[in-house]
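Chain naming follows the written order as A, B, C and D, and within any one chain the residues start at number 1.
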């Protein structure tokens, strides 16, 4: 059974999604257990696979039994083995916390929600594991299509933001497809390893350069790097809470992984970092993204929108860390993908719990929230501290690697941008803390806002239900644990994930 | 922002234009694309799978994993349309229209009025109703079964001629959509309810994924149809051919059901009450 | 040296792809009507499909269905006789993806229409502004 | 692979594409998009991609057009650009 793990990771959520659709027309209650079961199986299989990769090296799985350039192959190395575990764990954790909130948000369509959720996970896990450039596109479309649908179910501006996301997402995916087409034109194969084998012989070539530009710009649209970020903030803000805590930690991170994969495994290190002069322009793009994302986050009045702009800045961290082109920077970027997934999950789940209770996510309406929802707010603070980069939490360690990478590469502008962004995050979360902890309840103001509800007026504790809180606490603990074990993760896994060429 | 986007778009166009001079010429038989992997498919597909249509062989076997997810994409599109636009049936429309069958007189019944259902003398009609045209009604009634038959032929004959599960499924779905357009949505829903279209679409993908899992449990890899030889009692090449037929019919069922499902939701704005 | 005519014959397909890509991008960026944008999105996707199909074409070759010899015996198959099937397979998938995206996009447009009563983006943004200030 | 025929179809495709995005009536745009898809399907069958052409004929020219017409019917035909 062990050699079948790569297929199981992807096939089980897909199968469960189909089962959920079959079952929920008859009984709504089975959807959640099936989804949880599928998530657990895929997490277990990912963990088993990572252990196998750690002991024996790269694992290859041939779909339909065909050898690589002819058939589709799944290829798991240290990089995606690690991400498989992280992504399946994060999605499972969010799934566990989704039960009550989803019931409130989707009502009768609960079954469709779980089916789409599972298909979304299928797409993401498939993107991580596949070793075929075109297969990646198909899986990308599954993940995006279900993402559009899930985001579009939110309130107010959600359908419009989701349609914008459809347009931008389609442009991004199509540009990637066009890039793959150029590569196919020049190499005649779609298998990543095979392309990497053929490419050095035909370099230097304008077609390859253009393919590189097209793939990267498509991925930049998908990961919302600064000038192309316009779809992200609204989509994540107006999405339903359970969806934004799923989409926010996962999509952009997986896209950044695809950038790693495309650059390292298709175009090879030598081409991307030495032959063409894209390293510095991309680094500057990342610096601009960090600064602008932080500045725009400062201007927001709504909690979820503020967090969404922080994500835009965080994308800059990882892209910048990668294009520093040295070992410390890449360690930092890979570690930051993991940490960022954990801490974004933590803050968005906390935000979801708060919105679930108050139905309002304006920062100004958070007065006295620490007394009403102590657990959620504490989790939010843990996530916030990690986003700032305070030592026991994981955010500190990846930022440390990124900064030391920046210093080693002599890119002080990048270091300055990182520090600036940390300062801005400090300001943001202190404002949040101040409103939530020190400001007293407003005496009359709440009554004017129709649906702020009875909660804003009562001073008693009104926490979210337990099945929301337990996964939330787990996420907060995870943020701290990842920090404590980050040294282990780097020495055991990440350093093998980065090609030896990079010094 | 808009002009900036346009400028970027035209820069991209110019770049693509200049790079196009580096391409191999159109139809060049010696271009790398036709030399590396594709000769393998052309020369070996017949002996590997005994399917003369190379596209079908590559689609459902060599790259069968892509096709599994292609089916999953179309399935999630159906699910997504349902999820986004379907509104609960309990919303009573503002006014309904009825037609007395014997006399042809039409009635408008306001919200809350007594509905003449169940008497058998009245027929519900759409609010934008055009009198039935005998020619259109009769033609569609005659044509629909033949279209469906053709769809089945396309699915079954995909091994030897252009076509396969996807095309056949779309044609089958289109036949049902034609029926829905030529009569009305409610009559179609009686023949193929929303629930059955949802169940069928999921069942279709389940056939595909299930075949894959069956191969996995038989000890070969996921979607390795060779493992079906033991069950079907044929040799391994024929097992691949049969495996392709099984998954193609799964694709056909899923696609037909999803097309109808999407049409139901789009044409009635999710109310599934009055169609096109 | 090849003449201009030969060059045009060799490349016009790629140029058509570029033109269609730009038409699609233009519609997606500059048009305000959402259905127009969706049409632009589809044109953009078909342009890429045309690109792949152009890669696959091969002079002097026939469609990728192997001709049976008498009594089903297969004679030797030469790769040069048949058009490259791989891009066709990939593009079948891409067409499916484009129709799936179309369905979701139209569903979203319908939801937007029921929410704001219009499909023009500027009018929708105006209504959003009104509801947020007022 | 007869290139004069090919060029005629290519120009028809481009004309239909431009017309589909510039016509003001959305129902007309939907039908023109169907024509565009059908021209595209012809082009592909000329290029020997029979399976792709078959799919495009049933999906692009058939079902997609129905979806467009259904969506336009349920929303509005009016368009300012």
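In the analysis below, a residue touches a chain if its C-beta (ideal position, glycine included) is under 8 Å from a C-beta of that chain, and two chains touch if they have at least 3 such contacts.
Here the structure is a predicted model, which means the values were calculated and not measured.
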item	value
Winner on C-beta contact pairs when B-D is weighed against C-D	C-D
CA centroid of chain B to CA centroid of chain D, Å	19
Distance between chain centroids, defined by C-alpha means - chain C, chain D (Å)	10
Rounded Å distance between chain A and chain C, as computed from the means of their C-alpha atoms	29
Euclidean distance of C-alpha centroids - chain A vs chain B, Å	32
Contacts with two or more other chains, residues of chain A listed in rising order	134, 138, 141, 145, 148-149, 152, 159, 184-185, 190
Junction residues of chain C, two or more chains touched	9, 12-13, 25-26, 54-59, 61, 63-65, 86-88, 90, 92-93, 96-97, 99-101, 103-104, 106-111
Per-residue multi-chain contacts in chain D, two or more chains	1, 50-51, 55, 59, 63, 67, 70-71, 74
Which chain pairs touch, all of them	A-B, A-C, B-C, B-D, C-D
Touching residues on chain B, where the partner in the complex is chain C	2, 5-6, 9-10, 12-13, 16-17, 20-21, 23, 25-29, 31, 33-34, 37-39, 41-43, 45-47, 52-55, 58-59, 63, 66-67, 70, 73-74, 76-78, 80-81, 84-85, 160-162, 166, 262, 265-266, 269-270
Of all residues in chain D, those that touch chain B in their complex	1, 50-51, 53-55, 58-59, 62-63, 66-67, 69-71, 73-74
Residues on chain A engaged by chain B in the complex (per definition of touch)	4, 7-8, 11, 14-15, 18-19, 21-22, 25, 61-66, 69-72, 108-109, 112-113, 115-116, 119, 122, 126, 134-135, 138-139, 141-142, 145-146, 148-150, 152-153, 159, 184-190, 198, 205-207, 210, 213, 230
Of all residues in chain A, those that touch chain C in their complex	134, 138, 141, 145, 148-149, 152, 157, 159-160, 162-163, 166-167, 170-171, 174, 177-178, 181, 184-185, 190
Footprint of chain D on chain B - complex, ascending	27, 53, 55-56, 162-164, 166-167, 170-171, 173-174, 177, 181, 259, 262-263, 266-269, 276
